[in-house]
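Have a look at this one.
Letters A, B, C and D mark the chains as written, and numbering starts fresh at 1 in each.
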């Protein structure tokens, strides 16, 4: 009946570190220094059952894939493993209370509402991972703010009886001008993970981009799709190009219709809100000095095993040689690189993106960049060479319409669907998509456009888009002294 | 003595749905799927007395007009109808308390004050309907903010002993440069509805625009006017053009002096604050999936019966053919459409308007558009072809003066009068108008203008009007850490 | 021993209205409709002792000057007058408590501090009068904000061992580049009124402008000055030009060195904060309909008796004919009028001013206007024709230096000295002036200027001065949902 | 065994004033009027032990250096000195409680976190001294805000496997592009003072600038450095040039590699927050009138003994004549002076700086000035003549990268290291530097630069840098009345 808990429990240190996952024991001692998430978190479970912590952050096939057979110590008799009693913190108890009383799905009228619900019902660390971004999270919020510096110039007296939201992205006809973009670790939000998004996307005829860092395995996500569905594949390029090749060709074989190579993450961003929520009062040491690893090489080495910081323009012909999927660059962030991509014969498109504000703070928003890029491409006769997508900060149907007006082929949406899934599962994601559909139809009618093709820059006032002033700092003395105007008094006290 | 309550009460489902209104029973079973407000709200009153809910939202002649005689089930003996006991919610009890203690009318010194009072005394759903706007309500507030980006360049040493506010709109001499614009459902704010506005307008010699969607019937509103009063008519164009023709010609016959065709509402806006206040904890499903109606057609069908989304420039000659009233387009939102209207022989004027922010969020404010439009019209020699009006966000006499400086012929005011009426009835509306009169006179004197004709763009600094930046997002860390300056301490505690 | 209280008390209505002031009775029945402050406030004291209310708002010689001898009913035996027991409101009791605990003078480190103290110790109505401004008080605060849009370009390595703040205004050498500008009703802040300012100005060698609407009589203020002091005279022009002539010539005879004619107040502004604080829960009716006076003429008539709304450029030669004092226009508000004044042979200078934000809301700040005006004057060779002063919003030594850099001859300061006086009497005003002196010296040193003459526009960055954007309205949903970054937790609770 | 306490205690007035410092008595009677900090603070300790107050504000050799031997009264038998019992104020007790519970160092994830901790654990007066700045502290905060108006234009697909942060400053190769700039009074934050910074700088291979006004003596700071370390010297120029010469030549002899002459402080700034925290409820009199000193000369004289306000461009050749260290001007604040410095043969470099906002409020931020300056220098072919450094407001690795992109040779950081030292001593400073290192490496990777040389203005969007608008003042009525949108309700109460 396998190993007994007491045996596993002996291997509870860096010298000999075993962990139990899904009823099997693994010896990860040698793997400790290479774990991208640091050894500290593994050691916390040394000699114990790590399944609950492991699951949302790793696809089920991770251990089989990355740990040599020899380290698989075999099944454990789970009845012999000591169960740690969990005492919910007061914060956690409040959360559980909120889960019980959460608003009904029908009370969610827009995508922000799902975020509010998710904030209330998600575990603190999961919320920290999804919601966080880099440094001061200025870019995170700028992604949203930038859309609000774009104003419409609507047309009237156009026959808008029948509205069509159909559009083509990379030769696929799709029912609406947005797609589910790749986001990591779906099981943090929902026990079933990314397949929930797959199923909801199917209900609305929306394309899904499959993430490399999913909680579900790639196979599970592909299997969850119907025949009619289109899926794309997002790739983090591994330093070991053979691994990369295998992944890409497998994706193509399983039917993925496009390859999106992430280019904005040679190193994964540092997200302080996430760190603070994860480590709590304990704190974490600075990224590199975990476990006494040599500072000058440790981090680079750890990261480079999964994401190659050496990836460059020179690698693109190789990608073309290993796949016939369209190749797109995900995370382009300046005009010059867009032009270069347009001239590169190996590139079929790109996503203007700053990785949801999770990589470089003060990277520009995709929508502002789009408004800069398109006139340059047109001036150089390159506008048909690339299909350009944008993501980041999209919350309203009108945001999508603004991007389409400026020349995007489609708009990626990530966090809002994760939040909807975290709050309400597939129903939540479907409602989120339905809300967008309604907002899109309404927006088209009120703009005076019956089809996506009619959208164009003449419908926008972009004059304020480039304004990033922050004004002079507050005059705290004047604010404290000023006696503001008030409305009429109400009986004795005010309204 | 008519039907008894128990008989009506049997028809309490979608299969057979009767409702009582003003003591008469109606069979609305077949009408359910066509009700613009959705079937859900009717079913709530199936088999019961719906008068209180029905009244503010429908003119009294609605049922006679739209429901075939055969569905009129005749009088009900109301003494046999079970009266549901109402238990006021704690919110509602607080509201009733506020109604008792509301500020005296003489404490209202400006139009914002009426809004504050209305917010306190109106029923939550009524307030939700009046105050709400579309999406994030950015345009709603931009309408007000835009006026505040306009600064004066006042003239001194002008003889301003005698000020005249008289001006002409569409050949009518009027006492002040504003009019009461069309707003729906006046009985939500006051049991007598729109006729209250009619009477107040008469006291101040102000023009009123009669709304299609009034709570009072058209006839009641016309009847409430005196001989000296001028009324205009606002039209939602029905898909059935014969119905439209009948309505327009009836308005002309009853003395309306101008026809304002609403062109910014091919679909009625979705207002989340309104939905949240109406449906409360229960929530509403997405617009289209009520009652299992086919999603691809349901909404369009429902809406198109009252408001034709197919209305287009091609329809204008027909309007000219059925009426000799001046024809104006209400809701023009971009320069190009203004120029087109100016060149269209069937258009006599227009209202720059975004429907009070209730239709397309991020539509521009009328005042900003006006400043863009007038120079273009002048450059093309078209400035005399149209009379241009604006509405949205007007709260101060100086707002009106700014619009007049920029070339408007008059300014429409809606919500503020509804709020004044909701708080204080006709007295409130009259005081609101008197406050505007005082502010206008004061403003004229301080600008150095004795007559409306003297107002012009030379009195304004418009440089900041087009600035819609929103700055970079807040630096929450710095704000939390910064130790603001303070004023001297006060004994122990501060002031 | 004079009249008895009971006799006076009989005249307690609009039909026969007597009031007691400083122990004498006056019949003001006929004067009621002409009282600029409205009849209501007088009737409140009909038949009673009005001294306390009367004093701060009227110079002591008012009744003798304006009420015919026949209406003087003679002395009253004050021991027979019933004394109304006053019960302090809770607000008033809190105020008295604050007066007891007010910060020591030495804790006031800048001019804002005096405002904070005044807000705490002044009577609500007095504070309301001093601090209020017109409409939304946007211009009031813009006056201050505009200075903060001006940045320095300081010079280094200049010998600033010895700093001189001396400068000439209208041929008078003065010790600092500011003057005490005219403000009304000094006794609301201090029982001795404007003479307190006179004495403090003497201590610092600063010029004072005497207001027409002082609480002290003109004579008292002149008498309070020493031989070395310079005083100017501010004039509201009376419709009766003989009265005006008498006033002006008297001022010149008593030694006033300049005449500042107020041109921004053909009608006195409506200040809602003032009204709300004065009338409290009772409210006031709209300006014009007090006492049933004919609306179309009432207000104009009442006002015109003191301030002539008919004053115009045509009157200037007449002023030149009656005085040899330099003539300055106070309250010029646009470039065109400055140019006109520069070309008018009867004008020697002017004050760019919007009356402290108390007249037309959205009038521009003086400092912004100054930056616009000076280049125009220079381009037309008119810059030496006028001495230009500015007032409004000045709180820091650097504000004064900014105005001097842009070409002002001096800067008027009003409210801050009233607040200093209200909090601490003459000591307060002196310290306020000393603080400015310190700030000016410091500012000069750090700018790299040893004398006022060295100040010039090369020391300023004016690029942002004209920016009056207000950004897009707040995104209330995003703000509610966004989970801001925080600093490290502190034991359990945060810092 | 020396003097007894009672003897010293007799000299407790301005007539005869002795103080005890580190167990020795000193007669400071004659020095009182010359004390730069005013006589008041000394008199507080007249006849008593002043060591605790004295220590952080004076280097240990101060008394030996500045007080004639004859005033040294010799050792005191400290057992005979009466010890004043200290009663901690409630504020102080709360602080001590916070000290006990302060966050662990590993919870500090960025430089702002150290400031938050310092704010909690530092004594109020020490915090007041470090954190305060001049006037309204607008420039203090603008220093930080300006960096946030700069946006990146990142490059992708660059090989960033190996990142080097090495750079040269004034011929010294250093490990990172920042240095520890000179800040006064280190012992206010940590009992060991500036040497803590020296040691931490050594650990990270970072240059330190030694301040004239250190708490440690110059010798102590130099002695604390290792052989590999580079130190620069910051100089306040004494009016007595012989003193200055001695100081400079001593610094050079002890190995300092550059001389930074402070040019932005002919007079030390007035910092109100500091004054308020120091004098508390007592307040301080205006700067000059302490002790009845003649106002026109007192302050100038007191200041000029330490810092010469007469320092000018003419003095630069003399500096060149006394030292062969590179000479840099610290505190240059406008383009014209940069150009002049570039043309001056005696200047080798400069620091764009406004003294951390502590001198002239509304002086521009260094980063904005840098962006203005570099193109001018390039246009005149002067860009290689000077090494340009900047300081003020730097908190993030990306701030440093922005400055390097714009052409700085290095970035000075002051307060953040003081705060880290105040909270956690040397460990804190080291972690602060490590955090910056991590942020720099991350930023370089995400910008697509492997070496500092690759940074350039093409990586920045500077369009918003010059925007210093502050918008129109708040519309307090609208804000009070507006009924903001909300997220779904949560059971009964909201989230």
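Here is the rule we go by: contacts are C-beta pairs under 8 Å (C-beta built on N, C-alpha and C of every residue); 3 or more make two chains touch, one makes a residue touch a chain.
Remember, predicted model here, so these are calculated numbers, not experimental data.
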{"item": "Interface sides of subunit A and subunit B: same vs different residues, half threshold", "value": "different"}
{"item": "Degree value of the rotation bringing subunit B onto subunit C, based on Cα positions, nearest 5", "value": "90"}
{"item": "Of A-C and C-D, whichever chain pair has more C-beta contact pairs", "value": "C-D"}
{"item": "Subunit C-subunit D separation of Cα centroids, rounded to whole Å", "value": "42"}
{"item": "Intercentroid distance (Cα basis), subunit C paired with subunit A, Å", "value": "59"}
{"item": "Per-residue overlap in subunit D, given as positions that touch at least 2 other chains", "value": "103, 107-110, 112-113, 116, 119, 136-138, 141, 145, 148-149, 272, 276, 281, 283, 467-472, 474-477, 480-481, 485-489"}
{"item": "In the complex, subunit C residues that touch subunit D", "value": "103-110, 136-138, 140-142, 145, 148-162, 396, 398, 431, 434-435, 438-439, 441-443, 445-447, 458, 461, 463-464, 467-471, 474, 476-477, 480-481, 487-492, 495"}
{"item": "Subunit A residues touching subunit C - in the complex, by the definition given at the top", "value": "110, 112, 115-116, 119, 127, 131, 136-137, 141, 144-145, 148-149, 272-273, 276, 280-281, 283, 467, 469, 472, 475, 477-478, 480-483, 485-486, 488-489"}
{"item": "Complex interface listing, subunit B residues touching subunit A", "value": "98, 100-103, 107-109, 112-113, 116-117, 119-120, 135-136, 138, 263-264, 266-267, 269-270, 272, 275-276, 279, 281-289, 299-300, 304, 308-313, 315-316, 329, 331-337, 359-364, 466-477, 484-487"}
